[in-house]
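Note that the chains are named A, B, C, D and E in the order they appear, and that numbering of residues resets to 1 at the start of each chain.
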Amino acid sequence: STSGGASPSAAASAAVPSTAASQAPSEAASEVASAAPSEAASPSSAAASVDPESLLGTVMASGKIRISTDPNYKPFSFLNPDGTYEGFDSATAEETVKRLNAKLGTNIAIDWQTPGWDLITAGSWGGRWDVSIGSMSVTVGRAKVVDFAEPYYYDSGAVAVPKDSPIKSLAELAGKTFCVGTATTYEQWLKGTLEIVDPNILPAPVTPEDNITALPTDNECIQAVAAGRKFDAIVANANGLADAVKSGAPIRVLDGPPIFTVSVAFALDKSGPDTASMLAVLNPIVQEMHADGALSALSTKWLGKDVSQKPS
Amino acid sequence: MTLQHVVHPAEIPGSLVAPGAPPILQATAIEKYFGTARVLRGCSMTVFPGETVTILGRSGSGKSTFLRCLNFLEEPSAGVVEISGVRVEADPLRPRHEKASARIRQLRLHAGMVFQEFNLFPHLSVLGNLIEAPIHVKRLPRKEAIELAEGFLAKVGLSEKRDEYPSRLSGGQRQRVAIARALTMEPEVLLFDEPTSALDPSLVGEVLKVMESLAHEGRTMIVVTHEMAFAREAADRVYFMSDGEFVEIGPPQNVISDPQDERTQDFLARFLRA
Amino acid sequence: MTLQHVVHPAEIPGSLVAPGAPPILQATAIEKYFGTARVLRGCSMTVFPGETVTILGRSGSGKSTFLRCLNFLEEPSAGVVEISGVRVEADPLRPRHEKASARIRQLRLHAGMVFQEFNLFPHLSVLGNLIEAPIHVKRLPRKEAIELAEGFLAKVGLSEKRDEYPSRLSGGQRQRVAIARALTMEPEVLLFDEPTSALDPSLVGEVLKVMESLAHEGRTMIVVTHEMAFAREAADRVYFMSDGEFVEIGPPQNVISDPQDERTQDFLARFLRA
Amino acid sequence: MNQQLATDIMDARRQRGRVWRTQFMVMWGVIVAALLAFILVTIRLDSDFIQKWLPFILTGVPVTIFVALISIFFASILATLGALGRVSRSPYLNAIASFYVSFFRGTPLLLQILFIYLALPQAGIVLPALPTGIVALSLNYGAYLTEIFRSGIEAVPHGQTEAAQSLGMSDRTTFRRIIVPQAFRIVTPAIGNDFVAMLKDSSLVSVVGVQELLWRAQAAGRPTFQSMQTLLVAALVYWILTIVFSFFQNRLERKMATGDRTPERSR
Amino acid sequence: MNQQLATDIMDARRQRGRVWRTQFMVMWGVIVAALLAFILVTIRLDSDFIQKWLPFILTGVPVTIFVALISIFFASILATLGALGRVSRSPYLNAIASFYVSFFRGTPLLLQILFIYLALPQAGIVLPALPTGIVALSLNYGAYLTEIFRSGIEAVPHGQTEAAQSLGMSDRTTFRRIIVPQAFRIVTPAIGNDFVAMLKDSSLVSVVGVQELLWRAQAAGRPTFQSMQTLLVAALVYWILTIVFSFFQNRLERKMATGDRTPERSR
């Protein structure tokens, strides 16, 4: 087996994750997921035998796990006036760390890191944070620089148009103007450069690149339309758009199937310390959260629907 | 309250004045305060057409201030200036209105000024310096202004520097251009404020020569200077200023060679001793 | 090639010189080029201890350049300067090395300089100006330096300005402080470059008085000046410079009152005419 | 009676000055009011929302000031070294300093921040966000200040050097005791000026997640799509900071420009 | 023989100058080489990748230059009006100009761009991205230039005004014919300076999606996580642009500082 969890000590071996990572990410993730839970180690043994140089080792030594998130991403992750974080991603992260502590018998605390989304997706984290739990979709390109854990939910993209727009379908958007968040999968989809493993991508409307405006986040797009800027469409996260509509943004989400669906997973930096032992702990936790309905509950709480199950 | 101009007993028309000619410049009881400091204390002066008068005095005694009050570069605190018929009263309590400003401009047209620091316009050639005011103030056609300017340039002996820029001239040449510039407006009176003090000693001569020739030509001139030789030879009358007052007025042979006032004596003694 | 110093026939020890005393300053065949312009053409000078000599000449003739060559503020293109035993040869072809620099500093300690523009240190009080060099060059203890400075301040009559800053002094006072500052280093020779030219005429006297008292005290002084009265009365010898050469050397009664060289005559005529 | 005239003139002038200043202030007031009205109309301020988030946003102010202060401090040190290099006789030191200035003035600050954040880790130098911002700002402003310091040194009149040399001072002593103190007074206002500019440029470090004023304003506003309101608050805060620090900067400048120790002028 | 000496001295000096410059250049070369080596080691340049994307990135250069040029043009116009306001006697014009300067110098440029992009549309003013950037840059730099223009006007010696007045010129004529031409020469280098600074600040308009140099560099690098390489290219291009335009700016400055028309000095 190439999976990362034959025994706790094997999980720390450097050779394993590099093999896994060179394969398609979802495949790697599922293999890890399938192998790991059955052989889940008992807390004490896991903690004792972790390579101190590995990612998990450094996290345990420092007593805190640095989790990057983009707090500009309601309802997945956003801030309260008192500076605490809320949302589906944040809650998932908290639940994950809780379970991690239970498993390892540790008392690791969360240290939130909030670089711009741009920087999270630029790779080369340089060890600034340990894991991204921030709605990062699994793409082929990203998998070259980060190791993905087991998907914790399945995201879908959607297209919204101004409320008063007559446009009803994707087909009518050819040649129109679009607004997207910079460095998002939606931008890649529009430009035809999105490479994901999930097969059900709808073709993007053909439009000149000059018609695509990329603002710092999806959020600015919605605000721009709300402010009166004339964009024919916004391409963004379906859940985010739904949330915006609920908040009163003057937009309407186009009906129809999602423009694409993609697995979303925790991401760990390939160029940082060895991730294998960390993945070996995280993957079972994700699996358990799927299995015991924790993710479903969080999803329903924050998104109003369950996105934790892979759509068929 | 209309101020009455009082002529000082020593203010008798000079040698070049046409007999019976009325004064061309009357400054009456000029007062000047800078804040509460009283810099001019009721200075009066009467100058007849064709006269050259010089003002002497210590540094800080108020000579420049008086000269600048004559053409309202400095607004007097009180007093009246009248130059060839244009009469302007000090009115320091109110802001200057358009009409007053026009009147002051009128006054200035009658009183050309030559500064210690030349104040040529560095962005204009020598000719440009000379034709700027004739064209934009007197509205002379350019051609006429140039002709006029060339005449005065010749007079100060700088015809060949016509197209030079001021920065390329020596100090003495600059001051001669400045004199020519003042002349282009054909003022009735020329005011000089230490025209040679910023000059290298060896360049003083050329400027004084021009000034002397103007004096002999019958121009009316008021000259603040430290050049005793000039005061002695070219002036019809010398005003000695001390602490904002004219303490001695008279022909140079009296004031310079045989001063009566103690302050004048003191000044001349100190001044000439070096 | 070792340059031989040649004493000019007119360079005979002045009245205050101890009999048989050797020269304290010898400048030999100083040449100076600025680019290809030859500004000094083999100027030599011999000064005996206690003498006061003055250098006269037109603007641009090279007086300042010569004076600045004496203490290597300007590096001569050729020639030798020797002041009280410290001999420095011009060596313009090589960059100055540490040893040469030290030698030049030594030379400068023997030749104090007073500038036309005073060049007081504006960030230091009068006292600060006077003790800076004694403390940081001669390494005097602060207390001693202050005593020394106070002595010289008293000499120039400015004891009460001790703690004033230069910007609060008049020009004449500034120049007197500058003289006191030069004296604190107790140089054998004092160099003055037109020390009164930047002064208001009425302030010239106080500076000249200090200089005269120094001359009478037996200080060795080389003075570039346009003050004829000073040259005439205080100088043992006058050097007249024209186009980078000393064209006439002699006692003031000869050079000033009865010049032989045509260029000297011309200069004096122009200079004194105003 | 004469002293009366002096007083009258001064009173009249003062009165005119007062009227002028009043008119000036009134006009300012009118403009500010108009601006506020315009904003209220266009942005439709939600005062509950702002009240709720104001403390969160204002927490960024100390961060902004801290970043600017510490960066201007390091920038001044860098600039001192840079200026020493630029005025030194050594071609090597000169080249190093001139390269530094050219490179950091020649590229955008934003790029420098991204670089230090993203590229240095690949060389094993991993700075957290806050130090990244401080290093970038220090290097960038250090380059600008280097030139200012250099021109400050060169602005000390040459006569000062000559006077010092003719007193027998060595180049070193001249530089340390005569040039530097005068150059320092010349450049101090420029440091103050750059500090005020830095207050605003420090907003760029928000891209690497430093939770300063702008970051907090954006984070507060985005979830409910009310960025404009929070940005407005941020703008106001920046404006006030600038006005306050400019006030001190102006006083500093005036103190440096006047006072006892200004360079003397002949005549 | 004597002319020979002069020539020798000049040759020696020239030779020393040459050696110095050579050492200086060599050192620069060494630093640049070291930097490149460091970059090659840390960033592991992928030359195929860069070659592929270089044209795309360089297409941003004209945009950057265009934005900077047109913005400095409008900024100069705004600054002229602002400076007129600041030196006018009217308290109202003065207040307007002073408010303008205070507001636009008091808030970060980034915020101004976001504002014009996101808030003005609510008032019915919808500017596309490029005009948004130009308006923001113009307003921002206009505020800085206003103060520069004003100080340029005030730097014209008072003696010039007095000379003009004593020739009978009205205030208007004096200002137009005497003050402005001289102030213009004083401020021209500052405009050039700001233009170079603007080249870099124009990178901020990438946030509203203007496809200038930085935007393109980021866009090119992101999909394959090679931002560092493309940012590096962008940095190099900015650096070259800065060096080139600084060269012209220096020449301009020198031309303005020397030449025939400098203000005269007494003595």
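Definition applied: a contact is a pair of C-beta atoms (placed from the backbone, for glycine too) under 8 Å apart; a residue touches a chain by one contact, two chains touch by 3 or more.
If you're wondering where the values come from, they're calculated on a predicted model, not measured in any experiment.
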Chain C reached from chain B - shortest hop count over touching chains: 1
Which neighbours does chain A have in common with chain C? D, E
Which chains does chain C share as contact partners with chain E? B, D
Can you grab the rotation angle between chain D and chain E? Superpose on CA, round to the nearest 5°. 180
Sort the other chains by how far their Cα centres are from that of chain B and give me the top one. A
B-D against A-E, pair bridged by the larger set of C-beta contacts: A-E
So what's the Cα centroid distance for chain A and chain D, whole Å? 40
Taking each chain's centre as the mean of its CA atoms, how far is chain B from chain E in angstrom? 47
From the mean C-alpha coordinate of chain D to that of chain E, what's the distance rounded to whole Å? 18
Please set out, as single numbers or ranges, the residues of chain E touching at least two other chains. 118-119, 122, 227-228
For chain B, what residues touch not just one other chain but two or more? 200
Give me the residues of chain A that touch two or more other chains. 118, 122, 124, 220, 223, 227
Provide the full list of chain pairs in touch. A-D, A-E, B-C, B-D, B-E, C-D, C-E, D-E
If you look only at chain E, which of its residues touch chain D in the complex? 20-21, 23-28, 31-32, 38-39, 41-44, 91-92, 94-96, 98-99, 102-103, 105-111, 114-115, 118-120, 122-123, 200-201, 203-204, 214, 227-228, 231-232, 234-235, 238-239, 242-243
Going by the contact rule set out above, which residues of chain E touch chain B in the complex? 157, 159-160, 162-171, 173, 177-178, 181-182, 185, 260-264, 266-267
Which positions of chain B touch chain C when the two form their complex? 58-59, 196-197, 200-205, 208, 226-227, 229-230, 267, 270-271, 273-274
Note: in the complex, chain A contacts chain D through residues 71-72, 74, 78-79, 81-83, 113-116, 118-119, 122, 124-128, 217, 219-220, 222-223, 226-227, 244, 247, 249, 271
For the chain C and chain D complex, residues of the former touching the latter: 71, 73, 101, 105-106, 108-109, 111-113, 115-123, 132-133, 136-137, 165-169, 171, 174, 178, 181-182, 185, 191, 198-200
